[in-house]
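See the structures that follow.
There are two complexes below, and they share subunit A, which is joined by subunit B in the first and by subunit C in the second.
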Partner chain A sequence: MSRKNNEPRLLEGNGFQSVLSSVVSIIIGLLFGMLLIFIVGALDKNMSMKTVWEGMRLVIGGLFSTGRGASGELAWGFNSINFGNMLFRATPLIMTGLSVAFAYKTGLFNIGAPGQYLMGAMTSLMIALGIPSDKVHPVIIWILAFLGAMIAGAIWGAIPGIFKALLNTNEVIACIMTNWIAANVVTWLFDISKFKNVTESTKSGYIYKTTFNNVATTKLGLDKLFPGSQINGGIIIAILIAIGIYILMSKTTFGYELRACGANKDAAKYAGLKDKRDIVLSMAIAGALSAAGAALYYLSGNTELFWSTYQSLPAIGFNGIPVAMLALTNPIGVIFSALFMSMLNIIGLQITSLTAYNEYITDVIIAVIVYLSAFSLLIKQFIARRMSRKKKEGAK
Partner chain B sequence: MTFLIQQTLKYAIPLMIVALAGVFAERSGIINLALEGIMIFGAFCGVLFVNTMQDTEWVYAAYREDKFGTLQLVVVMAMIVAAILGAILSLLLSFASINLRANQTIGGTAINLLSPAIVLFLIRILEGQNTLFLAKGDAAEWFMINKTMFGYGPKESMGFLGDTFVHKTYITNYICIILFVLLSIILYKTKFGIRVRSCGENPHAADSLGINVKKMRYAGTTISGALAGMGGFVYALTTANCSSNGDVAGFGFLALAVMIFGNWKPGPIVGASILFGFFKCLAAGYSSIDINGDGIFLLKELGLSPHLYRMLPYIVTLIVLAFTSKNSRAPKAEGIPYDKGQR
Partner chain C sequence: MDQKDDYVIEMLHITKEFPGIKANDDITLQLRRGEIHALLGENGAGKSTLMSVLFGLYQPEKGEILFNGKKVEINDPNDATALGIGMVHQHFKLVEVFTVLDNIILGAETTRMGFLQKKEAREKVKALSEKYGLYVDLDAKVEDITVGMQQRVEILKMLYRDNDILIFDEPTAVLTPQEIDELMATMKEFAKEGKSILFISHKLNEIMAVADRVTVLRKGKGIGTIETKSTNTQELSNMMVGRPVQLQVKKDKAKPGQAILKVEHLSAPSRVHKNKNAVHDVSFEVRAGEILCIAGIDGNGQTELVSAITGLGQTNAGKVTLCGEDISHASIKSRSKNMSHIPEDRHKHGLILDFSLADNMVLQRFKEKQFQHNGFIDKPMVRQYAEKLIDKFDVRSGQGPDTMARAMSGGNQQKAIIARELDRNKELVMAVQPTRGLDVGAIEFIHAQLVEERDEGRAIMLVSLELDEVLSLSDRILVMYEGEIVGELYPEETNAQELGLYMSGAKRMDRKEAAV
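So, the complex of A and B:
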């Protein structure tokens, strides 16, 4: 029974232990990735030990890779393109991570982020390309596109929420169905739209960049800081939204209500909270967050959407799940875990271009980390036990 | 009509067997969200096995000499390989959720992330591209059951039943059906099955009667993993021309939907998978379906967008779920880690 009494204290004020348990997960995940590289390299006759050693070093430090030097050896140093692109790729991940984390706090597993993300991508692109920029100022178009995406995402997220609240449908299944419906809706609407890129013949299957209509996220001077990269002001917006969500969740009555609903639905209902309304609202906000991520990504002006997407769902949507899990669903933590994930993403690209391995190794590492985060509570308890034992020994 | 039935079964059979995989896990009290990941892994292992076997002299000789028995044996062996490796992968989930009492949804999601990553990592290293194909020829030519194997001429008809259920089918269909029936009987009529189910309903009561809850949950999830792995290979063989690309088009999740729609019971699951398979088949081949055989392609002439047909299976599932969820009854203890001290 004593464990039970300890639990509340363990869950509160445990920021340090949470971070530590995530770090432990990350280290084990990276070690596993290196091990896999070693095993595959040892079994594959075409790979030399040099390749294996390079692969293992890139897994850890790929962010600081500057390619190969004149002698053919790996070169290291600050790489502004890597850093800028890491920040740029982290932007939508922060948003989908927030989306999953937000719903999770309310007791809902939002696996519908890919669909919400797609709806956001479609709406933002259609608004950004559909309003002529010679009549309306591009900044106003950008804002309209961003808000439009959030509304579309909110509606799309609310659908499984409504099914769950009113009809008791399992939200995981409802989300998966809405994902595939969204994939088909997006393909259908773009197929009959005038936004398909037909002027550049090399780009078959893509939608125009928003720069075709002079719409692009402001760079805020960040491109001077990281020359050559895709970075823009979106990362600042994403971080501000994350802080906003943190305040909403932990400092407002509304956030408390949502969390109470997630912690114990029946108790919340008994206390007079509107649990059904909360479920729908929570899913709508989660949907809006995912969609905003898509808007930040596709309004940047240097990204293109592959529109015939009915056979696959966007990975950024699904990756919101590992981002949220690694952050233990803390909105501030999401910023850092998204940065970590996008760093792995950059590392994957470096590994692909510099060695015989490929970028999927980083997906394996992410999966291992998520697997470990499933028993983060266990790791935390382990750490806590070690720490209290050390304290006792110190007292002796 | 023959075409319609064959195409429907092509989608319905893997759905059915993987939905049963879900039933075994959930009835024992473990939510197996990893069905999709295990299917992907099973598909890869089975296809890799077939691919490797094609290069052996034994199998290639059988192909040249039309010894179709040997080729069918290869398929069955691949099913077994996929099942064993699927079961091994599912141990990751069992270990996390039974021994460590971790969150089952996250554990399942981790496997769903892990398996396409590992599969694509290996395929890229093996093949230099993102898809693993057969080493030689295509699946239909190598492994499909054909009427000529039974002494019929190419122009002769086997009758409606023969043409529909024997000609141009795969042996996997029948193995899956037999397994489905056998396992359903085991789940409902044997001591073992009742024990597994009791652990999903009331593990404390089960424990008090001397049933080893951990063991039963391990059994449920392992059977689940084996069936999902096998189902993945069946999917790859029959609908993806025996290729593997780290994706089963969301079939594992669809199987979960079918399981919920089928109320965690084998009988309704058969109906649900056939319904779903039918709509999938409409989406894939609506333009070449001639319902009553009069040479008029009704659906094509309706002129509806192909996008609509592709969306239909998911919309129908969602609507059906909406109507059936009120009465659906999930196993009571599913998703809750078993804690002896709790009452």
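So, the complex of A and C:
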């Protein structure tokens, strides 16, 4: 009987309703994706209903696809490469998602994540490639590169914060401008640096893998767990940082102060809190988080940076926004929403390689989910209302 | 038909519940045609909820509404408008950046082929405004006009829609004494024309002056409906609170000690026009053990004076000394070391509405040793402290310390702020309109608290717009008019009439002679 007494309390819990609303957004997004697969397939004369059915199943279960069996039918099961790569790709997304979520909690909209991410990418790569590993231990280089990236990101994030604090400039506009400044500064600095094409002269315009200098994130044995994938210890670091941010925000005086400033700047000022300092600090931390994401990605040992395209802005930075929104800006939720986003990515690859559909279909699905995540608050209210009505009927 | 039973609106046995609270419990309210019917009750007694039910904002769980004797369903404000019900909300519902005229016609625009016909609207509004003496500047933006004029805009909105049933939700809370008199006269005029008025208030004098009948609510229940002719303020307040209430502030003569706050030749810029001074060369002292009241009509520089002293606003010239320390340019934090501040705007400054009550209680104190260890907030301790304050100051809320500040009634929000500020035990208590919008029970309590603080030797600087409060609570009165102090009076030697003359600028005193 005791369980029965606990049940309504769980269902009425704010946290539970938040999770439920995000799940509802996701389900609607996936259903829409299936519908899209169906419509595209039905309109295309070259696709059979079998292909359509395969595509629809892959939208939901693509993560568990193991390719095609001997009979040519889709085979299902645990796919270590899919899982490992999902975790690997989620790593930078967790960090940019955290960056946006953190700033949002303090009342700031950090659309500057791409720029901060780029500064982190540049700084981590330059340090990782610039310090010779025969003189300094690679682990120390890795740590320096990681910390250096965070500092660079913090500085870059603080700039819009300073403008906001001192001149009351809208942080969104300042962030967009610093994004483009970062894109061009980074491209230019790589252009004049000695780091491009450090190994393969056949490739032009590349910063090659940091493994050239023996610098790579430790695998922590995860490669044994997910053989064949690109996974490394970065995901553990990202999860730990997310938990750290959660504790910082909800348990500490510093977090209280930041949230107070975010929720009501005037009341924070009235209470003698340093609202201006808090805005700058909050943006600096957000910037450091984005840049740490870039460091975890580029120091992984699997990645290379094609610098000349970086006159544009990295999508991972912008994707931090939907990741944060889908998680309702909860730092722990960010872990799961980032994992979900990267799962969709993997599904996209599976659909492309196994069917006649292309991966852009998953981009559409992601877009729908992002769109719905903006409604997740609405969905949350709807759920809350339904529950209170049910409770009332139960009482009668 | 007997005029007595000619009910235009009947709300029968209305019950409305919210999580944790029964806001309306079997309440019956019958409004006669052409009467002014007051709805009296403490904060959180369920007045606003009942009116929201009538206005279609809430659906009751039980009960029915009759219009001219026929049962009606009011599902949203549009239904209410269709029945001719109009409401002036306590917090005005105006579009700040629109002009007065645009606000009045908003939602009821006359159009021809999709184009606005403002000319016709203007004529109609002008006629109404002249007929009832409701002066408004039709082309001014709402954000630029006074609160009193904003209220007239709200009233004109109802008249423009030809509403016959007018609801006024605590209309006098924001008005000056003169404006209140005007409003009363207007309401009587409406009633004479056959319009029916529901007047929500907890100000007994106003109810006695203007209403024909009064329905009293207490803690969600209807206590009864009586004729104002056959009752008096004491009986009404007892009905409302449920126990005999002390309407007069009980206090002994002040024994002022040394000066705690010293203000010398202070000038401060206006909030609205930054290049103009709202406070001109003001000097005064607040001494330990006295309640000094700054009286005046709203907008005569009181807000700017308080801002300059608390540090929320700027100072152009002059010196402020608190407990012997020059704080003219000190940070808010260092000022608050010796000052607690009950702010004028409780939503803007006083509370973080999206924080829980417990979190709000430690807004200035969360860094103190007892509430944190190594930077980690001690949540059980914060909760315990909040519970103590809730208990001591009788702050009512649905879920205790976990209630979101936003979900609390205005009066309880104010009590929470007062609890927090008084418990900080500072030498100076800056209380800006501490009882605005509160009911007699709460006012009695807060006044007693302030007197107790005074008797413990604290200096109280009270800013009030209510003449009753000024006269009954203060030990010394300074009147502010157009940014200057024009009079220094003692409550036992003056009266409301004289005070009114100073407040309106008709009389002034050379303070150099008057200064003590």
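We take it that the second predicted complex is superposed on the first by the 376 of 396 C-alpha atoms of A that agree within 3 Å, B and C clash if a C-alpha of one lies under 4 Å from a C-alpha of the other, contacts with A are read in each partner's own complex, and residues count from 1 in each chain.
We take it that a residue touches a chain if its C-beta (ideal position, glycine included) is under 8 Å from a C-beta of that chain, and two chains touch if they have at least 3 such contacts.
Predicted model, so just to flag it, every value in this text is computed and none were measured.
Novice: Using the overlay on subunit A, decide if subunit B and subunit C clash or can fit next to each other.
Specialist: In the superposition, subunit B runs into subunit C.
Novice: Once the structures are superposed on A, label A:V40 by its partner contacts, choosing first (subunit B), second (subunit C), both or neither.
Specialist: The answer is first: A:V40 touches subunit B but not subunit C.
Novice: Regarding the shared-chain residue A:F254, is it in contact with subunit B (first), subunit C (second), both, or neither?
Specialist: A:F254 sits against subunit C, while subunit B stays out of touch.
Novice: Looking at the overlay, what does A:W180 touch: subunit B (first), subunit C (second), both, or neither?
Specialist: The answer is first: A:W180 touches subunit B but not subunit C.
Novice: For A:A267, is the partner it touches subunit B (first), subunit C (second), both, or none of the two (neither)?
Specialist: Only subunit C is touched by A:A267; subunit B is not.
Novice: One more residue to check, A:I321. First (subunit B), second (subunit C), both or neither?
Specialist: first
Novice: Who does A:M387 touch here: subunit B (first), subunit C (second), both, or neither?
Specialist: In the superposition, A:M387 contacts neither subunit B nor subunit C.
Novice: For A:V136, is the partner it touches subunit B (first), subunit C (second), both, or none of the two (neither)?
Specialist: So A:V136 meets neither subunit B nor subunit C here.
Novice: I want to verify the contact counts: of subunit B and subunit C, which reaches more residues of subunit A?
Specialist: B
Novice: After superposing on chain A, check 6-14, 132-140, 204-212 or 312-320 and name the one in subunit B that bumps into subunit C.
Specialist: So the stretch of subunit B colliding with subunit C after superposition is 204-212.
Novice: Taking the touch rule as given, give the residues of subunit A at its contact with subunit C in the complex, in rising order.
Specialist: Going by the criterion above, the answer is residues 251-254, 256-257, 259-260, 263-264, 266-274, 388, 392.
Novice: Quick one: which bits of subunit A touch subunit B in the complex? Just the residue numbers, please.
Specialist: Touch list, subunit A to subunit B: 1, 36, 40, 44, 109, 111, 163, 167-170, 172-174, 176-181, 184-185, 187-188, 191, 310-313, 318, 321-322, 325, 356-358, 360-361, 363-364, 366-368, 370-371, 373-375, 377-378.
Novice: Sort out for me which residues of subunit C touch subunit A in the complex.
Specialist: That would be residues 19, 61, 310, 312, 331-336, 341, 343, 348-355, 359, 363-364, 366-367, 372, 375-377, 379 of subunit C.
Novice: Which stretch or stretches of subunit B touch subunit A in the complex?
Specialist: 33, 92, 96, 100-103, 105-107, 109-111, 113-118, 120-122, 124-125, 247, 249-250, 253-254, 256-257, 260, 305, 307-308, 310-311, 314-315, 317-318, 321-323, 325-326, 328, 341
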